[in-house]
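Next up, some structures in structure tokens.
Each of the next two complexes has chain A plus one more chain, namely chain B in the first and chain C in the second.
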Partner chain A sequence: MDSALEIASDDDRRSCWVCFATDEDDLEASWVEPCKCKGTTKWVHQQCLQRWIDEKQRVNHTQRVNCPQCNTEYLIFFPKFGPFVYVLDLVDRLLYRVSPLLTAAVVLGSVYWSALTYGGITILLVSGQNEGVRIIEQADPIFLSVTLPTIPVMLIVIKMVPWDNYLLKLWWRHASRLPDMRGLCSSLRGELPGNTFVEPPETVNRLLDRTLLNDSYSATRVFVSALMLPAVGALVGRTCFSGVRTPLQRTLLGCFSFIMVKGVFKIYLRRKQVLRQLKRKVLNYGDDINEDEELALYGEDED
Partner chain B sequence: MANIAMQRIRREFKEVVRSDEQSIKLELQEDNVLSLTGYITGPEKTPYEGGRFHVQITIPETYPFNPPIVKFTTKLWHPNISSQTGVICLDILKDQWAAAMTLRIVLLSLQALLSAAEPDDPQDAVVANQYKTKHSLFQQTARFWAQTFAGAPGPLNPDFQKKIDKFLEVAPRADRHTAIQQLSNFDWNIDKAIEDVYKSD
Partner chain C sequence: MDSALEIASDDDRRSCWVCFATDEDDLEASWVEPCKCKGTTKWVHQQCLQRWIDEKQRVNHTQRVNCPQCNTEYLIFFPKFGPFVYVLDLVDRLLYRVSPLLTAAVVLGSVYWSALTYGGITILLVSGQNEGVRIIEQADPIFLSVTLPTIPVMLIVIKMVPWDNYLLKLWWRHASRLPDMRGLCSSLRGELPGNTFVEPPETVNRLLDRTLLNDSYSATRVFVSALMLPAVGALVGRTCFSGVRTPLQRTLLGCFSFIMVKGVFKIYLRRKQVLRQLKRKVLNYGDDINEDEELALYGEDED
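Moving on, here comes the complex of A and B:
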């Protein structure tokens, strides 16, 4: 090293290897020789070295830092806390560790409590106010605390069985083989694959899968419709089956008929959607779609 | 904190000026201490010999705790330097930086990098590949670039010259820089170089 730095190698005129200032530049600064280095990198300002260490520990503030020149690990001394501050520090660190666990516990607890409440309300809805209260009061509290929260869980699990999709696929597969069926669903006549279309079956399957995939994996839809079921069932039961004696039977009938009617409509809609996909057509550039053609393409559902 | 950076650059600047080394030089850009230009001459017995290469040095506010940002503004053909942008791949400019290093050390390290490339840690994959598989072609190309862009002495490779002229005939919209870059990228295979220009059009 040359002139300016060479002078720094004797101890009389120290030079900081971070800011390159010498004794003359700053009389106040405190100096340290933290490693085995000799010569120009022997001395460094306490402040400068701490800033360098901060920079190295930016990612992980407990990481050890070595001298970049001689690889000696810097020994960092922290003054001891008094007993009071020591306890405060301990509590501080404990809280830091414990709070994620507590947060998780609160969240889980809230979910459990919501599920429990939902279960209770469902019992009241399904079996009628008086009967419901009686059931809940007579049952063992521990038994209730386990069974009530499983009610919404079971509803969701059951809802996740895509029975209507199986039916739709089954219908598609067998419709063309059953000539009698066509008479029954006359509105769909002529639209069955293998009859008017000569569509390769993969296309049908692909479109079918794509249409069905969309709703069977919509988590929010499964969630909402599963949890709405008891309320809707009770409503349907009360309006349509008022002749039935016990509220429980009424509600069960309501649920069942609601699911059936909804399923039929859904299967019908999905089938129409797939058929529409099969009949779509890309236009030639510059062609305007004329009304007749539009009718021919999309207008078949005006039954 | 920019204070430390400025003070240090002033001290380092004096160091380089005083050291009076012929092969490296440092200049301020428009009196702005945090932006400098460095010059290095190509080391002897390398294709870069006799060339004068400019680097642009930008000092971050956090200097010397973080390394200076350095890139070549002279085009050069080297595995660890991007032939398009001049960006440098050198450990001391990244994680191996230490506050005790200086701009003088950086410039000397760049000079050392020109004499000893690290093709296994490349910045420019095309150059690195040529360095490893067609070393003599790499040396001729690096020499040609040094002569063309860095003013290295000596007669230009006539074969390369001919190919550049031919390239410019076929692709009249391209300039000489593009022609040299394109031909070098394709190991001076003129057909492939031209084909690629039209592909990217």
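Moving on, here comes the complex of A and C:
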């Protein structure tokens, strides 16, 4: 009987779990029991709880807040807006939602407009000024608005095909069966005494893949060289194929020969780079560096 | 004497720390002592060490590799490139370095071109088609290439000035001394029994700052509304100020009145939003929601 009475009186004496003040400390403060908690922890001052919620919502002021003890979500009442303010609030929130989409649209529009302009300039470059203007003026504007921006896109897509890498791998696979490669392997042994092992094919393939992967990962390089191709092609065409009649044929020939020559150089260089990697040798500690040979410490010579 | 002999013979019997094979296991393998380590751990097969280094350099093949025991950096010898391959390699690395810069230049150029176009369209919108074309044709091309792109930039910069926020704060500071605000505070007490405290000024200021900060942080909103201002201004000018003579005056009047009306609405809405936040109340657990009042749980009504 005694303990039941004591619990009842404990329950009657309210104490705020934020400021620990009781009814006697502050007669005017308003109380709230916002959660499933029982006993002394169930009471809290309205004002104290609001401050506590403000603290919790400091980063995101729409975050839901729960009781730290019983995890009940607090129900928060907001007075109703008048109809005019309600509409204003609705418009405000709509603008807030729509702005990122509109910004994305502006950015896309800007990219489209640049691609369209690039396409037009490319037509002028490839076909020559007079013929280019004639083509653009005679074509259907809707047709142009679709085809011109696809020109840079197509250039980049085509540039992304790693045909030179395929050729390099093909070369390597067949070269290993030719006298050239066998001679190289033995000269390798001769040149570098102590490095008498012949690299297993897996090592070669791994090195090859690593070198080529590194290469194709440079997205900016693909992008830049794709966009510069028409200008370079026109330049090469005008320089090397001035005998060819139409500017279109001249530029196409220029582009094609530039791609071929560049591809051959690139394949050759990549092969040499892989061979160099294969021929590397770890030196004995304290070994004198042979002055005839260039010692290239990795991290300095390679990037 | 015995132990010294034993150490010497131990030192003579080489054992690879990667594959644990000794001289007897593989007579042909080449050995290297690449670090300061003494004793049995100083020897390693050239081929084993290379594989081990490959493993370490899997992510970054130019990373320096050290001995895991004595931390000596391994010196790795690379054979010299021929002069032709050296030049190719140099050009290759130069292209690799320059590509990101060129890509950035392309992106900047694209932004510039879009801003230039936007500036031109704005001139046409604000001054009317005929007058706009005349202005652009008569102006110096270099002057236009500088001024036209600055038009969108200036619009965005001007839009970033939060004049409405300043006005709202000013209003609040003075309203608290006016009967209106005092009446509001007492009606607040009357409307929400139990919520009898008056918010201290710090709470009001904090809420105000939070509401406005949220607002000015929406960069996309500033961007979009700045870029749309000339079009909206021209529309408002044509609709509301058709009596005004020149298109320029009409559009400027349209812009100005639009900004003013929108600003007043915005200040009013923000004030109401802060007041609503001040009037919120945490409900008792299990309280019946009064159907006359709208219960707006945060997270659903607010975003």
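Just so we're on the same page, the second predicted complex is superposed on the first by the 204 of 303 C-alpha atoms of A that agree within 3 Å, B and C clash if a C-alpha of one lies under 4 Å from a C-alpha of the other, contacts with A are read in each partner's own complex, and residues count from 1 in each chain.
Rule of thumb we're sticking to: a contact is a pair of C-beta atoms (placed from the backbone, for glycine too) under 8 Å apart; a residue touches a chain by one contact, two chains touch by 3 or more.
This structure is a prediction, so every number in the text was calculated from the model and none was measured.
**Q** By the touch definition at the top of the document, which applies to A:K80: first (chain B), second (chain C), both, or neither?
**A** Only chain C is touched by A:K80; chain B is not.
**Q** Taking the superposition on A as described, I'd like to know which of chain B and chain C A:T40 touches: first, second, both or neither.
**A** first
**Q** A:N165 in the overlay: touching chain B, chain C, both, or neither? Say first, second, both or neither.
**A** After superposing on A, A:N165 lies clear of both chain B and chain C.
**Q** In the superposed arrangement, does A:P100 touch chain B (first), chain C (second), both or neither?
**A** A:P100: touches chain C, not chain B.
**Q** For the overlaid complexes, name the partner, chain B or chain C, with more touching residues on chain A.
**A** Between chain B and chain C, the winner on chain A residue contacts is C.
**Q** On the A-aligned overlay, A:R221 touches which partner chain: chain B = first, chain C = second, or both, or neither?
**A** Only chain C is touched by A:R221; chain B is not.
**Q** Tell me the contact category for A:T122 with respect to chain B and chain C: first, second, both or neither.
**A** It touches nothing on chain B or chain C.
**Q** First (chain B), second (chain C), both or neither: which does A:E55 touch?
**A** It touches chain B, and chain C stays clear.
**Q** Report for A:Q69: first if it touches chain B alone, second if chain C alone, otherwise both or neither.
**A** After superposing on A, A:Q69 lies in contact with chain B but is clear of chain C.
**Q** Going by the contact rule set out at the top, does A:F20 touch chain B (first), chain C (second), both, or neither?
**A** first
**Q** Inside the complex, what are the residues of chain C that reach chain A?
**A** The touching residues are 28-36, 46-47, 49-51, 53-54, 61-64, 72, 74-81, 85, 88-89, 92-93, 95-97, 99-100, 102-103, 106, 109-111, 113-114, 117, 191-192, 194-197, 203, 206, 210, 214, 218, 220-221, 223-225, 227, 265-266, 268-269, 272-273, 276-277, 279-285, 287, 289, 293-299, 301-303.
**Q** Could you list, by residue number, the parts of chain B that touch chain A in their complex?
**A** 4, 7-8, 11-12, 14-15, 18-19, 62, 64-66, 96, 98-100
**Q** Help me check something: in the complex, which residues belonging to chain A touch chain B?
**A** Its residues touching chain B are 2-5, 17-21, 40-41, 48, 51-52, 55, 68-69.
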